[in-house]
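Input: structures, listed below.
The two complexes that follow have chain A in common; it is paired with chain B in the first and with chain C in the second.
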Partner chain A sequence: MKGRIFNRRTAVVVFAIFLVAYPFLVGQSSYFMGLAAMTAIFAIAAMSLNLLTGYGGQISVGQGGFLMLGTYTVAVLSAKLDMPIWVTIPAAGMVASVVSLIVGLPAVRLKGHFLAVATLGFGLSIPEIALNWKSVTEGYSGLPMTRPDAVSSDLAFFYVILAVTMIVTWILLNISNSRLGRAFLAIRDSEIAAAATGINVAGYKTIMFMIAAFFTGIGGGLYAYWIEYVSPNDFTIMTSFFLLAMIVVGGLASIWGAIVGAILFTVIPHFADVYVGMTNLLIGVAVILIILFRPAGLISIGEIFRKNRKGQNTKAEPERFEQSSAKEVPDVKI
Partner chain B sequence: MLKFDDLTVKFAGLTAVSGLTLDIPEGRIYSIIGPNGAGKTTVFNCISRFYSPTSGTIEFEGRDLAQIKPHQVIGLGISRSFQNVELFSKMSVMDNLLTGLHSTLSHNIISISLKLPSIRKTEVEARKKANNILDMFGLTRFANEKVENLPYGYQKMVDIGRAIMVNPKLILLDEPVAGMNAAETDKLCGLILHLRNQMGITVLLIEHDMSLVMKVSDHITVMNFGEKIAEGTPAEVQQNSAVIEAYLGEVEVDAEA
Partner chain C sequence: MEQIIVSGLIFGCVYGLAALGLVLIFRTTGLVNFAHGEMAMVTTFVAFTFLSYFQLSFFISFFLAIVFAALFGIAIYFLLIRRVGDASHLNQLVLTLGIFLAIHGIAGLIWGHTPASFPRALKGGPIQLGPIFISPNELFVLFVTFILASTLFVLFRFTRVGLAMRASSQDLTAARLMGINVNFVFMVTWASGSILGGIAGLLTAPFTFLGVSMMYDVLIMAFAAAVLAGFLSLPGAVFGGLIIGVFGNLVSYYWAPEMALVCTFVLIIVVLYIRPQGIFSAPEAIKKV
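Entry: the complex of A and B
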């Protein structure tokens, strides 16, 4: 047990060092740094979505809409009102989460596919609004903007994205491993029992939507600064589908799973885009294979190794439980 | 402690509970029995506020439950177990118990996000408490096992364990031994007495297992078709002709001997 935790911690530290060194490993190539920056932005969105969908069981097919809210909030505040980055990025999160509250208030009363359709409508409408609200968004031509002077180089802003992503990851890990994460899982597993243990189901669903939207909005804000240009084509409904695919493939209800999914789904296009249409094909195949063979996602593959290391006992475990119900009795100490 | 006054619950045309008046005193083990469909679980669901009575009131320590939302019930000191185990099946046994403590823990999002010392401290205390209950139920070795992997009898134990995490004043047990074997029933019988005698929890019990009911109950109310048909001590109820009729059918007076 102790060894396992140590291993995970080591893995995380090694991964973090790799990320810090990454720009130099790829010779500061702007293509490869862009790839990593996009991975980080998608990882933020995927982790947030996983808190909502994986932990809370609330399917959102419109998470791309919150990314776009983030990009436009930053672009409008920065390009038109000349606000500094430490105002615009939190504002991106705030705007996304306030909108999610407005969308969420009716949506938390919906379940399953009804909720999916409602959020789908949201995800579809945001790019349309961005396209047609010309006085604010400049419509189809989009909004150009610049990074703050202090972090204007690709290298410097890469580290800004990396730092924000790490902080968001840490916060989302804290939330998911806390009483809040338990409450979300409880709502997913049984709303009745959740209410009976004192969890305000509707209230917590709203909070889930808001937390997920907040961090997704921040991810969108980082994107705007990275590309230095936002347009209504940046995050379409396909982005929302990809985010869902990321958490399914990476692992539902796992923050690390969302990161794995985000990495995979930026690496696949890198190799597959040479052939037209190959990317979507590969992603589709990946989703189907995962649902068929590893419904708990790629992240669960680590558990197989852990179990194999323990020996054969694990295989016999379920049988032991079944027998125990007949033979032995819980050893109640009273 | 808990008072029903002329409680009536109707679903469309069906009257599930009709004019039920009850007074459950503190510190008792009080049982509600009756054939299937008698309205027992409906009574529980009214206390949990999943259903609202059509008419009549439920008062707990002088407070009208009609003003309360389902998730606030536990805050008054009423917790419950479920007839068809309503556990968080994909969560570990430990996490299920910890969730039982939800209503007493602080939920400041900022301090949770930053994992401030206050959160760590209360979390450690919560785990300690959960460990005590796991120990009491003999479930310690399953602490990190997913609940859905446990056999039914153990799941029922976890369900009850989750309900007593908050040190409730009143616990509602809905058929706690349904599906348990004789030995498990025996253990649970001891546990129910322990809840009342050592932990000072008032118990409201719904159960079909008559041996258990007769052994632990101080007082029994018998329901049939939504109405109270008898009440009294176990011995009184056993002798009651209306009860025998409800369970065994009408005695035909002119039947040939």
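Entry: the complex of A and C
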């Protein structure tokens, strides 16, 4: 057990060193740095969504809406009110989590498909509102903005994004291993049992929504600074679909799974964008194949090797998820 | 005013038909089909291919497209959906999202991304009925919706297949024990759901345009209608569709077309807050821990 943790820690350190060295490995090409920056932003959003969906069992099909809330909060505060980055980025998170409270209010009472459709409506509505609320958002034309002077170059801001992503990853890892994370798992497995053991289900669900929205909003804020331009077409409902697909493909209830998903979903468009519509096709096929053949996500591929080596099933969070959500009644075949 | 309500009802019929397919599939198989709109889009394109490439008449193409829709639904069920029958809701939902994306991509490769126009079922100028004008094509939409909704109601209520569907939706294991061929029931469900979606697509295309993204709005409004119906009530789905259609049309006329979607979802959030199980469904009893 000890050896395995050490291995994972080494892997994380090696990965972090790789990320720090990344801009120099690609010769500071702004295209490849942009690809990595988008991966980081999607990773933040996917990790937050995984806390909500993977750990908490609350399906949200509108997480792209929170990204957009983050971008617009940052853009409005910095372009119109001239506020510094250390105000706008946390503000992006705050605005997203306050809005999530409004969305979460009915959502706390909803389950499964109803929740999915309610959040779908949210994800669809935010771009429409951004388009129509012209006095604040400038509608179609969008809002241009500039990075702060201290980190105005691509390279400097890449490291800002990297640092924020690492901090968010660390916080989310800690949340998922805390009392809060265990309460989320309990709610996911059975709300009634969770309530019976003294977990305030409605309260924890609200907290879940707020945490997920907060970090997603921050991700959106980083996006606004990276692109230096915000428009209603940045995050559509497709983004929300992709985020959901990322966590399922990567691995549910696993922070690392979300990161794997985010990397995969930025790499596929990079190769597939040559043809119109090819991205959707490839991502769709990838999702179908993974759901059919590796329902616990790509992250579970590692478990196969580990199992073979150790001859026993070590800690496998995603697989536990599968078992717990399988049918209570055994299937009778006639 | 009357004119806006009537045209809202026409859109509402299309939403209602699409919602019927969604609710039918959900009720029987417990799965929300995000690929519903894209399956309908493919059916519409197939009809268009028969119309323009093979130069068949409208109604023959319509009929052939419906046959295709049924086979397509069965194929999707047998090849993909059946394999995740026991998986979690989230995995099922994401699988349908994957199908949605894949179909979208494939259709784009086959039929291209340029929108085309789709002929109307019945030609002719608008007829005046009191204060409102209505075109023969719009009457056709109303008529088809009415016929389909009542056929489905009869099928569900009075036939053996309908009984088997209701039994499977209540308790799959018990239904199997009673000798119901659940696979067959699900197959029929997917075929009917796909047909309903396909007809909704065929009815939408003349109003909007024919393109790979044509069913987005319809699907979203159908989801809204299905939620109003609590995802369980078949007549509720049609009424939900009509409500959404009229409501959306009123908003887009008196405020802004883009706000129709936003207001519809505000309406849904309010409805769900008051009645989490939807307007037309009975409260669900909590059965097991």
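Before moving on, here are some points about what is shown:
Note that the second predicted complex is superposed on the first by the 310 of 334 C-alpha atoms of A that agree within 3 Å, B and C clash if a C-alpha of one lies under 4 Å from a C-alpha of the other, contacts with A are read in each partner's own complex, and residues count from 1 in each chain.
Basically, a residue touches a chain if its C-beta (ideal position, glycine included) is under 8 Å from a C-beta of that chain, and two chains touch if they have at least 3 such contacts.
Predicted model, so just to flag it, every value in this text is computed and none were measured.
In the superposition on chain A, A:S190 makes contact with both chain B and chain C. Applying the stated contact rule after C-alpha superposition, one finds that A:R179 touches chain B and leaves chain C untouched.
Of the two partner chains, chain C is the only one that A:E128 touches; chain B does not reach it. Within the superposed three-chain model, A:I207 lies in touch with chain B and out of touch with chain C [touch as defined at top].
By the touch criterion defined above, A:A118 lies against chain C but remains apart from chain B after alignment on the C-alpha atoms of chain A. Look at A:L81: by the touch rule set out above, it reaches neither chain B nor chain C. The wider contact with chain A, measured as residues touched, comes from C rather than the other of chain B and chain C. The residues of chain A shared by its contacts with chain B and with chain C are 190, 192-193, 196, 321-322, 325-326, 329-334. Remark: chain A residues 53, 57, 59, 103, 105-106, 109-110, 112-114, 116-118, 120-122, 124-125, 128-129, 131-132, 190, 192-193, 196, 241, 244-245, 248, 252, 275-288, 291-292, 295, 321-322, 325-334 touch chain C in the complex. Looking at the complex, you find that chain B touches chain A at residues 48, 50, 69-75, 79-80, 82, 86-91, 95, 98-100, 102-103, 105, 107, 109, 112-115, 119, 123, 126, 135-139, 149-154, 157, 162, 166, 181, 183-184, 186-188, 190-191, 193-194, 198.
The touching residues of chain A, when paired with chain B in their complex, are 171, 174-175, 178-180, 182-183, 185-186, 188-190, 192-201, 207, 211, 253, 317-318, 321-322, 324-326, 329-334.
Touching chain A in their complex are the following residues of chain C: 26, 32, 80, 83-84, 86-91, 93-95, 97-106, 108-109, 113, 172-173, 176-177, 179, 212, 220, 223-224, 226-227, 231, 256, 258-259, 261-262, 264-266, 268-270, 272-273, 276, 278, 286, 288-289.
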